[in-house]
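Across the two complexes that follow, chain A remains constant while its partner is chain B and subsequently chain C.
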Partner chain A sequence: MDKLFTLLVVLVAVLAILPILHIIAYITWRGLPVILSNGLSFFTDLPAAVVEEKPGGIAPALAGTIFMTFTATLIAVPLAMLAAIFSIEFPNHVLTRAVRVASRSLLEVATVLIGMLIFVLLVLPTGRFTALAGSLALAIVMIPYVYTYTELALLSVPRTYIEAAYSLGMKRSQVVFYVTVRIARRGLARGVAIAVTKAMGETAPLLFTAFGAYSVIFGGPLEPASALPLMVFQFIQTGYENWRTLAWGGSFVLLVLYLSVFIIARILVREVKY
Partner chain B sequence: MVSPAIEVRNLKVRISGKDILKDVSLRVPEATITAVMGPSGSGKTTFLKVLNRLIELVDGVEVSGEVKVFGMNIFDMNVYEVRRLFGMVFQIPNPFPHLSIYDNVAIGARINNVARSRKELDEVVRWALEKAMLWDEVKNRLRDPPWRLSGGQQQRLCLARALAMKPKILLLDEPTANIDPVNTAYLEDALRALRRDENVTIVIVTHIAHQALRVSDYIIMFYDGRIVEEGPTEEIAINPREDVTRRFLRGEI
Partner chain C sequence: MTSRRPLHDIIFFYSLALPAFLIVVILSLLLLSQLGMSIPILRVQGLSTYTTTTWRPMYDPPPDRAWYGLLPAIWGTMVSAVIAILLGLTFTIALVVFMEEIAPRRVREVFSTIIDLMAGLPTVLYGVWGLAFLGPLLHKYVMSPLHSHLSIVPLFSCEPLSGATVFTAGVLLSIMITPFMVALVQESYRSIPYTLKEAAWSLGMTRYEYVLLNMRMIAPSIASAILLGFGRASSETAAVTLVVGNAVNIGFCIFAPAYTISSLIANQFTESQDFPYMLNALFAGGLILLIIGLIVNTIGVLMLRRVRF
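Then we have the complex of A and B:
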């Protein structure tokens, strides 16, 4: 009976991770050869014209992803972390309750609506799609993730360390920044990593904000831009074989970026043992 | 009687509407070891945390009465100034897990500006670790994280951390409840030496009657949020006046 149960559990577990393994394997199978056969130019070139045989490169999408993810992180992480610290320090404050509700709702909102919001607030008034609008949309996508994970990580710091810190005569801000945040650093890094990968993988918020642009590598923050998932989405549905090839290669790059964010976060931030 | 380091008058503490301390008044003489003993739930820990106003971290706490430390009313003082008068050691060893052994001790000194140079800081850290009787065991691995130490060593590290603030008064909340007899003996020796050599006033909360008898000069017996008996340790050990104290000393409550 026990053995049967174990077998069942293992079987279900395998079933659960099968789709993930399938995605990884399939994208690697379709994407890796694209990169191998095109070499470095795959990363540095513009996409080729549709009449050409060669696919060209994903440079605009890569540059856009790097720019928009980076700037979105710069906006979202400090904001969300400070909000989370505020929530922990003033758990009964009106603002804390408001932030919690807002953050929880943001997690549930379809990200395409976040794109629409920026479209209405920024793109329509200025009359142009911009990389910066994309960054803002991605930042809004990231905020609830960073906030939620930061709050969880800070809450999991044992009370006794906080008491010890106060007993040394530390001020509230010193307790937060010398003790609580440092002990929770792994959890904070995990939150940032999850939010960054989330932003890197988003297509919907960029549709009405960054829009996509493939004629230059990166036109600047105030010009339209592309991103890896956006390019995959836009190219895979075209009938052009060379663009579809680019989309597969781009998918593989996205996959590798995903994994490296988590690995880098693990290496950079050591776990605090107690 | 020696002049009081701590003077408490009509102290009452309510937490979420429940009376934890009911009219406590006492004096703790300077440079003595005072044991606050009593069964679990008698208000000992709460009393200790009132002294350095750590109790104010608890939600829904109401404190009334007067607490004077070296003649100063602590409720009139800046809360951080109050806490800097005291070093505190907790029931569960809680060295900061993200800091090395050295930094655990140094942080108290840094926060309180005890040392002005790197060299002075080194000296304070060494002094504190020696006073906590831990120096010989850790002097070659000051950069190690604290989890490499045993529980008893961690507790002595916490004592060193508290001492590095150069506090006038040391508060200990059942410091040996979670450590072995050998480490308990080390810690108790350290406390006696601190009172003798450094004139530190020590208040130790304990629910172990034997510990109170071993280390203290004075005993304050708490029961149900009140002081039922207090006096020099020998007197209370030989001839307790109250039945509650007698039963506590016999280990019945």
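Then we have the complex of A and C:
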């Protein structure tokens, strides 16, 4: 009886992690050959027309992902980090309670709703889908992650260092920015890395903001843009064989990007020691 | 008070308070935009927007010829999330017991890394895998056999025409929410005092009885994992849209294509701007999704706090 129970637990546990291993293998199997057979042009070309046999390239998606992830990081990181410092420095302030609830809610809310918010605020009034709208939506996706991890990292800084800094006669802002933040920097970097994996992997917030655009590589911040997950989502559903091929190649690139940032975040966490 | 503080402290305070305030504003705007955009359709159709099953976009506004009933999408969300919870909880408990009680340290570390990897994988990658592999696999080896042998059971009564069904969506979601549920249950499991565990062993319990006892002790955290997992499952968009089949459909059979609220929004948003009130109807869907999410998550977080030793 006990052996049977143990066996069952082991079997179900292994079954639970099989999918992710299979997903990695399967996407590599479908996606890697696409890249190998198209070479460098896979990264630099526009998607081919649907009548052609060749798939073309994922340049618009790649450019959009780089632009939107980068700008979203520029917006979200300072905002969320300063807010997190506020929560640590003024733990009993009513705003701290409010921002914790807000961050927690943003973390759990369906990301498609974030896309709808930017749609109402930016796309409806201006009448156009833009890369910048996509950046803003991704920034809102990133904020709660940066906030939560920054708060955790700052809390883990030993009190003694902070007291020592005050005893040297430093101002409050100096203590925070020269001592606490410096000591916690690896934890902060990890938070940013995790938020970046989220931003570059999101599809739903971009559907009604960046919208997708494939006729130029990058039209500028005020034109519609694509992103890797958005392109994969849109092209895998089409009936065109060469576009679906493109989607598989794009999936593999997205997977490799994700795994790289995942590994960076791992290295950062391993070295957090005081 | 404030006037006595030095100027640099005041600047320090406001340069931090402003970003914090902005984050609160973002959440408020999110709530307000969903509510504001939903009001027109709720004025025309009332609460029957949520209780009717007809989805008929037309150029003439409702209630004359067009009608936007969200019940099928709400139903699809519930069904797929419940399937996800049932399977996900099974995976979760097995993983926690395996990692905490059975696996040697090295194996546990490998599992823990893999679970972290699962948690952050871009959801669209789950989606393409579900579309190309999991859906057809379930269709051939699970749905079709169950239908042909057990079609008397209402759940299996309709013939699965393809892999894109609410059942496939539920299975895919169960894989996606498992890492979150594991994180919650595992943390509570670890917080059980060692003295209690030793006492259980010293009574000569079998492993099964011992695990059952431990799980009872952390029951609130399991309930919390169910609620938070439900929140995750109901709000997932990209992956579900690729595998759920996207058809307005309501019934007890889980082998039929369906819509969830989020996949309805993802699929119909673009064309919704051509029909009066259709965009508002989708926002009404977003509103109910937001409300479900906030309620479920609030209760879930409160439950989590009840595990104390």
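Brief remarks on what is shown
Definition applied: the second predicted complex is superposed on the first by the 245 of 274 C-alpha atoms of A that agree within 3 Å, B and C clash if a C-alpha of one lies under 4 Å from a C-alpha of the other, contacts with A are read in each partner's own complex, and residues count from 1 in each chain.
Just so we're on the same page, a contact is a pair of C-beta atoms (placed from the backbone, for glycine too) under 8 Å apart; a residue touches a chain by one contact, two chains touch by 3 or more.
All of these numbers come straight from a predicted model, not from anything done at the bench.
In the superposition on chain A, contact of A:161 is made with chain B only, not with chain C.
Judged by the touch definition given at the top, the superposed model places A:140 against chain C, while chain B stays out of reach. In the superposition on chain A, contact of A:171 is made with both chain B and chain C. Comparing chain C and chain B on the residues of chain A they touch gives the larger count to C.
After overlaying the two complexes on the shared chain, residue contacts for A:49 are found with neither chain B nor chain C.
Of the two partner chains, chain B is the only one touched by A:183; chain C is not. Overlap of the chain B and chain C interfaces on chain A: residues 171.
Those residues of chain A whose C-beta lies close enough to touch chain C in the complex are 1-2, 5-6, 8-13, 15-17, 19-23, 26-27, 30, 78-80, 82-83, 85-87, 89-90, 93, 95-96, 98-99, 101-106, 108-114, 116-117, 120-121, 140, 143, 147, 171-173, 176, 194, 197-198, 200-204, 207-208, 229, 232-233, 236-237, 247-248, 251, 254-255, 258, 262, 266.
The residues of chain C lying in touch with chain A in their complex are 6, 8-9, 11-13, 15-24, 26-27, 29-30, 33-34, 36-37, 90-92, 94-95, 97-99, 102, 111, 113-118, 120-129, 131-134, 175, 178, 206-208, 211, 228, 231-232, 234-238, 241-242, 262, 265-266, 269-270, 282-283, 286, 289-290, 293-294, 297, 301. Note for the complex: chain B touches chain A at residues 52, 54, 57, 80-81, 83-84, 86-88, 90, 92, 94, 96-98, 107-108, 111-112, 145, 147, 158, 161-162, 165.
Chain A contributes residues 158, 160-171, 174, 178-179, 182-183, 185, 272-274 to its touches with chain B in the complex.
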